[in-house]
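Listed below are the structures to be examined.
Shared between the two complexes below is subunit A, which pairs with subunit B and subunit C, respectively.
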Partner chain A sequence: MKRAFARRFALAASAGMLLSIWGFPVLWALLTSFKTERDVLAYPPKILFEPSLAAYRDVLFGASSIVPNLVSSIILSLGATLLTLLVAVPAGYALARLGLPAKRTSGFYVLATQMLPPVGLIIPYYLVLQKVGALDTYVGLIVIYLTFSLPFAIWLLVSYFEDIPREMEEAALLDRAGRLRTLWYVILPQVRGGIAVTIVFVFLNAWNEFLFAVVLGGNRVRPVTVAMFNFISVEQTRWASLAAGAMVAMGPVMLLGLIAQKHIVKGLTVGAVKGGGRR
Partner chain B sequence: MKERAGSVALRNIVKRHGTLTVLKGVDLDIRPGEFFALLGPSGSGKTTTLRILAGLESHDEGSVILDGRDVTGSEPGERDVAMVFQSYALYPHMSVYDNIAFPLRMVKTPSADLDRAVRESAARVKIGHLLERKPGQLSGGQQQRCALARAIVRKPTLFLLDEPLSNLDAKLRLETRVELRKLQRALGVTAVYVTHDQEEAMTIADRLAVFMDGNVVQVGTPEEVFRKPASVDVATFLGSPPMNLLPARLAGRDVVIEGHRVSLAVDHGRERDVLLGVQPSRIEIGSDGIPAQVDLLEQLGDSVIVDLALGSTRVRAKLPERTRLAEGAGVHLRFDPADVHLFDPATRKRIGD
Partner chain C sequence: MTAVANAPGPAAPAPAPSPRIFRYQRQERRFALLLFTPALVLLIATTSAPLVYLLWTSLMRIDLTMPYLSGFAGVENYAKMGGDPRFWNSLLLTLIYTSTTVVLQVVLGLSLALLVMQIPRGQTVLRIAAILPIVLAPVVVGLFWRTLLLSPDFGLVDLVSRTLGFGSHAWLGDPQLALVSVIAIHTWQWTPFAFLVLLASLASLPPDVFEAARIDRANAWQRFRRITLPLLRPAIVIVVIMRTMIALSAFAAIFAATGGGPGTATEILNLYAYRTSFTEFNLGYGAALAAVLLAITLVISFLMFRMRRGR
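So, the complex of A and B:
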C-alpha cells in the first residue's frame, strides 16, 4: 500500500516536473501576450498586471496582421500534407507488397535524408527554384517540403502496410472486391493510425518550418513563422505581439494534436505488440 | 435432375519457384458435392494446389477447370469460390456482421436480402448473438465460425478450406470437424480441404488425395487409401503409429522375416526381397509366431503401444490396454496374412493386388 503510494507520488512528481519544464516558456509567452509592451519590459518582471488585448488586436487586425500569413501557412501545410498522403499511401503499399531487393537500402536512404542538415541544402534549393522560376511560390516551397516529408512518410507507412497479413487481401479478392475496393475497404482502414501519424508529422513540420520559408519564400509566400520573426527588428522587439502571434499560431496545431491524439498513441505502439495497434 | 454444380478438374498442373518445382504435374478430378481432402506432409504442395484452385497463385503449366469451364488465368473473384484461411483472415476493423456481409456488399446485394442472408449464415454456425462484436473480441473458435459464415453466405459453388482447424485446441477441433462435415452436407457444396493431419482427412473426407513431394501419389476413399496404400511413403504417413515395415524375402506363398517363415494367402511368384508392411493395430501377441522382445510400453489409456525388437528390426504394435506385458520380456507376434502389405524395396511401390 505504502510503496504503491510512494511510487505513484514519485511518478506524479516527475511528470509534474517535466510538464513544468515544457510548460514554463508557453506559460510565460501566454502571460506576455496579455501584457502591454511597456509591462513586458518592466523590471523586475510583473507577475500581477492589468491584462490587455492590445497585442492580440495588433496581430489579428492591426497594421502588422498575421492573418494573411496564417492563410499562407495553412496553404503550405495542407498542400504538403495532402500531396504527401496522395503519393506516400500508394507508394508505401506497393513497397510493402513488392519484394524489392533494395528495400533495406532505400530505408537507409530515407533516414539519411533526415540526417542531412537543412542549412546545407538551402543554396542548391534556392538555385533550383530560381532556375524554374518557383521562388516565392506555394508550389516551389511545397515541393521542397515534399523532399523531406515524402521519404519519411513512405518509410513510416510501409511498416504499417507490412503489418497487414497478405491473406486479408486474398480473402477480399475472393470476396470479389477487386484490387481497388480491397485497398479502400480492407487495407486503408487498417492503416488509419499510420495515416494519422503521417498527417500530424507532415503538417507540424510544414507549419513550424522557418528556414526554407524565410529564404525561398518572399512577399507572396510568407508563413506565420516568418511573419512573427518580423516583430524582432533592429529598433525594437515587440515582445507582446510576438507572444500573441505565437499563441495564435499554436492554435491549429494544438487542435490537430487533440484530434489525432487517440490515433497517434495507437500508431506509435503498433509493432510493440503484434496486431495490438490495429484492433 | 440437373447435374449439381461444383466439379473441379486439375490437368497436369506444374508450378515452379525458380529452379524448384513445387508441383510436378498434378491431376485431380473432384465430383460435385464431394468433401475432398488434400493430405500430405508440409511442403508436399497441397496448399499450393488449393491456392491455384482459388486463383491466388499462378501456375506454369496445365489447366484448372471448374464446372467444365477453363478458369486458368482468371481472377480469384471470377471463380465463384469461397475460402476459409488458416488464419481466418477476418477484417479486424469490421464487426462480425460486416465481415459476413462483405462478400454480398461487393456484389451490391439488396439490403433486405443481405440482412437475411447474413443472419441465416451466422445462425448456421451459431454466432448469431455475436454480430455486433469485432473479431478481436471473439475466441479462436468463434473467429473460425465467423470465417465459415463469411464463406458460406454467398453460396459459392466451391468451398476451399486451408487447414481451418489447426488453430483450435484439440477438443474444439474434434467438435468442429463434425460440424463442418454436417454443414457441407447440408449445403451440398463441393469442399476441398487441405490438412496435414491424416486422422482429420480420414474422418472428414469422402475422398482424399495424398500429396508427396509435389505429386499426387494416391487418390481414393479414406478406407481405400488406408487399406491399400500405394507406396511405402503413403503407408508410413498414414496411421498412428504408422505402418511397420520389415525387410523380408518373398518365396512363393511364403515370406521370410528375420529367418522366420510366415505363410501368405496368395502366391506372389518369384523369389525376391520385399518390404512387408503391417499396421500396428493388426499385430497380435501370442504363444506362437515370430519371437520378439518388448523394449518399451507406452500407455495411451484405451490402448498400449508396444515397441518390440525383432532381431535388428523395430516393430510397434497397438494392443488393448488390458494386455499385461513387462519391458524386456520375450513374446511371439502374429498377424493375419490378409493384413500384410508388400512393397518393392527399390521402387517403394505396392506389389500385388
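So, the complex of A and C:
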C-alpha cells in the first residue's frame, strides 16, 4: 500500500514537472509583463516584486502602441474566417454526403493542397499581388489565407457532416423541401457545434500567421505577429513591454484554445484519420 | 411553401429504366457540383496556379537588384545549386532539423502520454498546460525563447544552467548551440501535439486486453512492446506524418529566434529560400530553392503514405 502511494506520488511529481516545462515559460512571460524594465534585469531574478502596469500602458497607449495591429489582426482573421466558412461549408457537405463526381480524387486534392510549404507559395503570391497592386491590402492577404484555412476547414467539416443520420435529410427531401432548404434548415443546425469548432481553428490559424503577413503586408496591413517581430528588432532590451505585448497579442488565441480544449485533438488530426487512403 | 429553386425541370429527358431515380441522381450531382465548385476554384487559384507560376519563375533570371538581367534562364538556377555550398548546408540542416524534432516529439510525447495515463486525476489540468504552446504563434514563441529564456545572463535557461554549474552560454550565438536551441524550441512547442493525440488514442484502447495480459503475467515492458505499441501504431504513424510536414515548412520560430544565423548555422532550406528571395531579392534562384523544398516534401509525403498503407 505504501509502495503504491509512493509510486503514484513519483508519477504525479514527474508528470507535473514535465508539464510545467510547457506552462512555465508562459507563466514567466506573464510575470515579466507585470515588472518594471529595471526589475526585469535584476539578478537574481525577482519572483516577488511590486507589480506594475507600466508595460501594459506602454504597449497599449505608448508611442509604439499595438492597438492598430490588433485591429489589423481582427480584420484579417474575421475576414479569413468568414470567407473560409462561406466556401467550406457547402464544399464539405458535397464531399461528405452528395454524389459528387470524382469524389475520391476531389477529397484527395483538397488534402494534398494542405501539404504545400508556404515558403514555396510566397514568391508567386508576391509577384502576382505586386502586378495587380494588391500588396499591403486586406483583400489580397485574406484570399491568400485560404491556402491553409480552406483545405483544413473542408476536412474538419466533412467529419462533422458524416455524423448526421441520413434519415433526416431523406425525410426532408421526401417532403419536397428542396436541396438548398434541406441544407439550410435541416443539416446546418445539426452541425452547429462542428461549425463553431471550425471557426475557432480557422480564426486561430489566421491570427497566428506570420510569413505571408510579413512579406505581403506593409504599413497598412500589419497584424500583431509582425508587430511583435518588429518590436524586438527595434527595441532590443525592453522585455517587460515585449512580454506585455505578447500577452495582449496572444490573449485571444490562448482564450480560444482553452474554450475549445476538448476539441483540440480532433482539430489537430483532421484529415489524417480519413484522408490517408481509407474511404 | 414548396421549393422552387430545385424543382425538377420539365425538360429532363428520361432514360429507359426507372427514370425518376436517374433524374434524382443527376439532380443531386448537379447540386453537389454547384456546392463544391467555389471551393475548387479558390483552391486552384491559391495553390495549384501559384505552384505552376513558381516552377515557371524558377526557370527565370529575376534579380530585383539587377533588373536589366531578367530573362529566361532555363535550368540555370538548378544547375547553380550543385556548386552552392550554402544550398547543401541548408539541405543537411533541413534533414537534421526535421528528423530530430520529429523523433524527439514522438518519443517524449509517447512517454508523457504513458505516464499521464497512470495518473487517475488531474488530466484536465495537464491537458490545458499542453494546449498553451500549441495555440501560441510560432513567431511569438521564437521571440520568447530568444529573450526571456535563452538570452545570456538574464534568460531563464541561462540562469538554470548557471545554477546547475554548466555556466553561461551564448545559446543562439554559438553555431552548434544555436542549432540545438532551435530544435529545442520546436520540440518544446510541438511535443504537446504528439502528447495530446497519443493520450487520446491511449485512452480509447480496450482495457480488457491489458487486463488479460496482466493475468497472463506479462511484465510492463512486454505489455508495452506487444500490446500498447502495436495498437498505437496507426496514431503514431499519423503523428509522424503530420509533424514531418510541419517541420518541413517550419519558418517563423527560427526566423524570430536566430534569423537563420549565426551565419548560416540554423538556415534550413525554408530560410535560405526566403533570404535569397526577400533579403537578397534574387527571386529566380529563391523560386528554384523553394521548388526543391516542394519536391522533397512531395517525395517524403508519398513515401510516408505508402508506408502507412502497406502496414
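What we mean here is this: the second predicted complex is superposed on the first by the 221 of 279 C-alpha atoms of A that agree within 3 Å, B and C clash if a C-alpha of one lies under 4 Å from a C-alpha of the other, contacts with A are read in each partner's own complex, and residues count from 1 in each chain.
Going forward, a residue touches a chain if its C-beta (ideal position, glycine included) is under 8 Å from a C-beta of that chain, and two chains touch if they have at least 3 such contacts.
These numbers were taken from a predicted model, which means no experiment stands behind them.
K.L.:
Per the contact definition in the header, classify A:256: touching subunit B only (first), subunit C only (second), both, or neither.
P.N.:
Only subunit C; A:256 stays clear of subunit B.
K.L.:
Given the touch rule stated above, what does A:212 touch, subunit B (first), subunit C (second), both, or neither?
P.N.:
Neither subunit B nor subunit C is touched by A:212.
K.L.:
Once chain A of both complexes is superposed, is A:155 in touch with subunit B (first), subunit C (second), both, or neither?
P.N.:
Touch status of A:155: no partner.
K.L.:
Between subunit B and subunit C, pick out the one touching the greater number of residues of subunit A.
P.N.:
Comparing touch counts on subunit A for subunit B and subunit C gives C.
K.L.:
Tell me the contact category for A:34 with respect to subunit B and subunit C: first, second, both or neither.
P.N.:
neither
K.L.:
Looking at the overlay, what does A:56 touch: subunit B (first), subunit C (second), both, or neither?
P.N.:
neither
K.L.:
Should A:93 be classified as contacting the first partner (subunit B), the second (subunit C), both, or neither?
P.N.:
After superposition on chain A, A:93 lies in contact with subunit C alone.
K.L.:
First (subunit B), second (subunit C), both or neither: which does A:201 touch?
P.N.:
neither
K.L.:
Who does A:181 touch here: subunit B (first), subunit C (second), both, or neither?
P.N.:
The answer is both, since A:181 touches subunit B and subunit C.
K.L.:
Contacts for A:165 in the overlay, against subunit B (first) and subunit C (second): which applies, first, second, both or neither?
P.N.:
Only subunit B; A:165 stays clear of subunit C.
K.L.:
Which positions of subunit A sit in both the subunit B and the subunit C interface?
P.N.:
Subunit A residues touching both partners: 176-178, 181.
K.L.:
What residues of subunit B sit close enough to touch subunit A in their complex?
P.N.:
Within the complex, subunit B contacts subunit A at residues 54-56, 75-77, 81-83, 85-87, 89, 91-93, 102-103, 106-107, 134, 136, 150, 154.
K.L.:
Spell out the part of subunit C that touches subunit A in their complex, as residue ranges.
P.N.:
For subunit C paired with subunit A, touching residues are 2-7, 25, 27-29, 31-36, 38-40, 42-43, 46-51, 53-54, 57, 112, 115-116, 118-119, 122, 126-140, 143-149, 153-154, 156, 159, 188, 191-193, 196-197, 200, 238, 241-242, 245, 248-249, 251-252, 255-256, 270, 273-274, 277-278, 283, 286-287, 290-291, 293-294, 297-298, 301, 305, 308-309.
K.L.:
Write out the stretch or stretches of subunit A touching subunit C in their complex.
P.N.:
8, 11-12, 14-15, 18-26, 28-29, 32, 40-41, 43-45, 87-88, 90-91, 93-95, 98-101, 106, 109-110, 113, 115-128, 143-144, 146-147, 150-151, 154, 176-181, 204, 207-211, 215, 225, 228-229, 232, 239, 242-243, 246, 249-250, 253-254, 256-258, 261, 264-265, 268-269, 272-273, 276-277
K.L.:
Could you pull out which subunit A residues touch subunit B in their complex?
P.N.:
165, 167-168, 170-178, 181, 185-186, 189-190, 192, 275, 278-279
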